[in-house]
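By written order: A, B, C and D. Residues from 1 in each chain.
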Amino acid sequence: MKSTDWEVIKAAKEAGIPDPGFEIDKNTAIVITDPQNDFLRDDGVAWPVVKASVKENDTINNMSKVFKLARENKIKVFISPHYFFPTDHGWKFEGALEKFMHVKEMYLRKGRLDMTDFESSGADFLDEFKSYLDDDNIILCNPHKIYGPQTTDLNLQLRKYKIEKVLMAGMSTNLCLESHTRDLLEEGFEVGVIADASASAKLPGMDTFQAALMNLRLITSHIFTTEEFEEALKSFKSS
Amino acid sequence: MKSTDWEVIKAAKEAGIPDPGFEIDKNTAIVITDPQNDFLRDDGVAWPVVKASVKENDTINNMSKVFKLARENKIKVFISPHYFFPTDHGWKFEGALEKFMHVKEMYLRKGRLDMTDFESSGADFLDEFKSYLDDDNIILCNPHKIYGPQTTDLNLQLRKYKIEKVLMAGMSTNLCLESHTRDLLEEGFEVGVIADASASAKLPGMDTFQAALMNLRLITSHIFTTEEFEEALKSFKSS
Amino acid sequence: MKSTDWEVIKAAKEAGIPDPGFEIDKNTAIVITDPQNDFLRDDGVAWPVVKASVKENDTINNMSKVFKLARENKIKVFISPHYFFPTDHGWKFEGALEKFMHVKEMYLRKGRLDMTDFESSGADFLDEFKSYLDDDNIILCNPHKIYGPQTTDLNLQLRKYKIEKVLMAGMSTNLCLESHTRDLLEEGFEVGVIADASASAKLPGMDTFQAALMNLRLITSHIFTTEEFEEALKSFKSS
Amino acid sequence: MKSTDWEVIKAAKEAGIPDPGFEIDKNTAIVITDPQNDFLRDDGVAWPVVKASVKENDTINNMSKVFKLARENKIKVFISPHYFFPTDHGWKFEGALEKFMHVKEMYLRKGRLDMTDFESSGADFLDEFKSYLDDDNIILCNPHKIYGPQTTDLNLQLRKYKIEKVLMAGMSTNLCLESHTRDLLEEGFEVGVIADASASAKLPGMDTFQAALMNLRLITSHIFTTEEFEEALKSFKSS
């Protein structure tokens, strides 16, 4: 699909919102948020609410393709996972979806230094992505705790690898992907989004993917689809 | 109006999204983003795109009321303004709306230490708010540069005044108000929103206020209207 | 020992530097940096350079005592560990001691999700502290990567537990302890230091503990020794 | 002078501390903290305590030379000033030197939007530097409030100008210069220091310049003197 298949992207164009564009170069990396079972596997805690969006966007195939294209083009992929630990359940206050995540034991691990029962749990990575995760181009970061990377080493890891431009993908579009995007902008990165390698909760009267797409179109440099990302890589390869 | 007059708020309730609530106490402050002419005066740079939302929400009257209620209840108000300076126009890259703001000379001041022509400019505060701004309860912070407070002393100022809970108001809902909200959550504040003391761009196919309302309902502790905020202050006063 | 046994602390007093004091209350926590073998065990990578200071300060006993007193007084202890992973060795540039740490494989773990060979390695906690680490009052944070907590969730964890005041201890005084102190001040915490529950490199012409003590005296609210901390807890208990 | 004229620098070399080096390139900028009267003019609030160090280092001439060399070589200079405003005096707590600064009304301005009486005040820039400050290569940032840049837009400004490497100069070495250095390292910048274009408090038993020099040698990539910086620029120019 093309990004112009989304009504919001067309509307932005018609309204004359600038589209600065995003050129992939050797200082570009991909950042993937929450590629985890609790969002993407059919027994995941959040699967019931994101399922419709995952199917519409063909998210799992597109995320797999992003991993594959990154490997083939030697583009670094920084993964920002979401984990909770038993001590996080002692927090004195939470926002709405933080409450939901804690009650549902989303992303819960036994401990920071305890991998017991991690494999194949809701906190683990989706099986479809596992063959990519041991590659040389993959950098796994400190887990985030609310929605943004402010509690992680993502910014430092990117800079230590001389990355200046970032393409976002992963779950979920209006929460962790968007909070990462907003913070990376404040940290002075040029940011684009591969929007159909992402998905988001869709409930009656609440299509959060469309809300996110609107915001991301306004604040980033460019919205890609996975197909458009693949196309853009051709100029990168030949450069 | 009541927050349940918004369809999104009703939808969230019906979907069973938790609503943690927000109790105003002595460690609560109000944070107001961008209460400035370029958004709110009819010759402002962004007025044409936010006008519809400002009118629907009765934003100017509601923001004035929030200032008034804060003064009466001795609640601190931290203002996070948006200013650009000539050197900002030398930046090497910008996202979509950053380009718009620079081209339109939105929020432009002569210099950081130069107040020439500031008064009544697009960067200045709306006249309606000026009678409140010299009060003892007003703390003006370093200006932000993209949309969030990461480039300012807002977090420090709040903590130096022992503030732990924040109610957001101001312009515009999906950009600076939402980026402030998202970052304050990562900084460990309890956050609520007075949503009709805010407004946001509304273009064909892009109702950014509704997009923001959806996100804010999901990530914060509670959505108030100004009327509900006034009501909530009664319990605060009698406590 | 008393803090006035240190010449630097006496000099500060004689020079009239204010000493704001630090009152322990229910919103006070302890933050401990790098309580790990690579600093504190006699085969640790950095042991040869910190050994003299560890002995002078009786650091291991004092850190143990801080853990013990915290448990007895139900004071939360936030541990900020230092870990490196193989991907960190791909960084494109490093400062002086970062180079040292990478060459010496200090704090090296097999992977973020791989605990193989961790137990009793240089990255593991000192045996003397292990009996305290599973207590309810212990919160282990994301690992830091350079010297400060900017790459971790320490600030958020403290705030989620409503902590406003922090007492610092751990290794090493002028590097991770001091960088944590400096950042926590910017985040709006009131900070004190238990200085002999810490130690630092001592080389000919470079007594980094004294350098740190000088800085910490100037920027924090108060310098304690472990003995003085124990004394201060008596007023806390009776309050 | 040469950096090896300092005993600490010689000691570090003899101890075998790595010295990664710092190559000036087109992505290098200078960051100058607090080039202000309250430190550097003989009626400044902090002059009595820094005077000895300013004279030993010939700081004012060296800072002027750094400004001059930057202009000649078209190197950007980011100035991070220190200002306080009347509302800052309402803070509920302060560390030791924060108390000193507030009591002494150091860096005090009338208001964020009020330049009355600023010119030639303790908060203003030293006359010796003023002829450089309107140049195209000067970027003035949001003021910091404690010692570090976490409360400013320095990081963003540097990144928006594609700066990756930073040379530090300015006042005072162990406070604002060092806190800036420590935070910029966490933000992923390569950092060097022009150490004699700086100075620091010197009191009986407290030579804070030597303490800072020790720390800076250990955490940054290289220590320059102004003379060595000038020399290094020759290779830059011919590149």
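Note that in this section a residue touches a chain if its C-beta (ideal position, glycine included) is under 8 Å from a C-beta of that chain, and two chains touch if they have at least 3 such contacts.
Fair warning: this is a prediction, and the values are worked out from it, not measured in the lab.
Contact count check for A-D and A-B (C-beta pairs in contact): higher for A-B. Between the CA-based centres of chain A and chain C the separation comes to 34 Å, rounded to the whole angstrom.
If each chain is reduced to the centroid of its CA atoms, chain A and chain D end up 38 Å from each other. Between chain A and chain B, the centres computed from C-alpha atoms are 27 Å apart. Counting partner chains per residue, chain A has residues 93, 146, 150-151, 155-156, 160, 162, 186-187 touching two or more of them. Taken chain by chain, the contacts link every pair, so each chain touches all the others. Note for the complex: chain B touches chain C at residues 155-156, 158-160, 162, 164, 186-189. Of all the residues in chain B, the ones that touch chain A in their complex are 7-8, 10-12, 14-15, 17-20, 93-97, 99-100, 103, 146-148, 150-151, 174-175, 178-179, 182-183, 185-187, 190-191, 203-206, 208, 210-212, 214-215, 217-221. On the chain C side of its complex with chain A, the touching residues are 85, 87-88, 90-93, 111-115, 118, 138-140, 142-146, 150-153, 155-157, 160-162.
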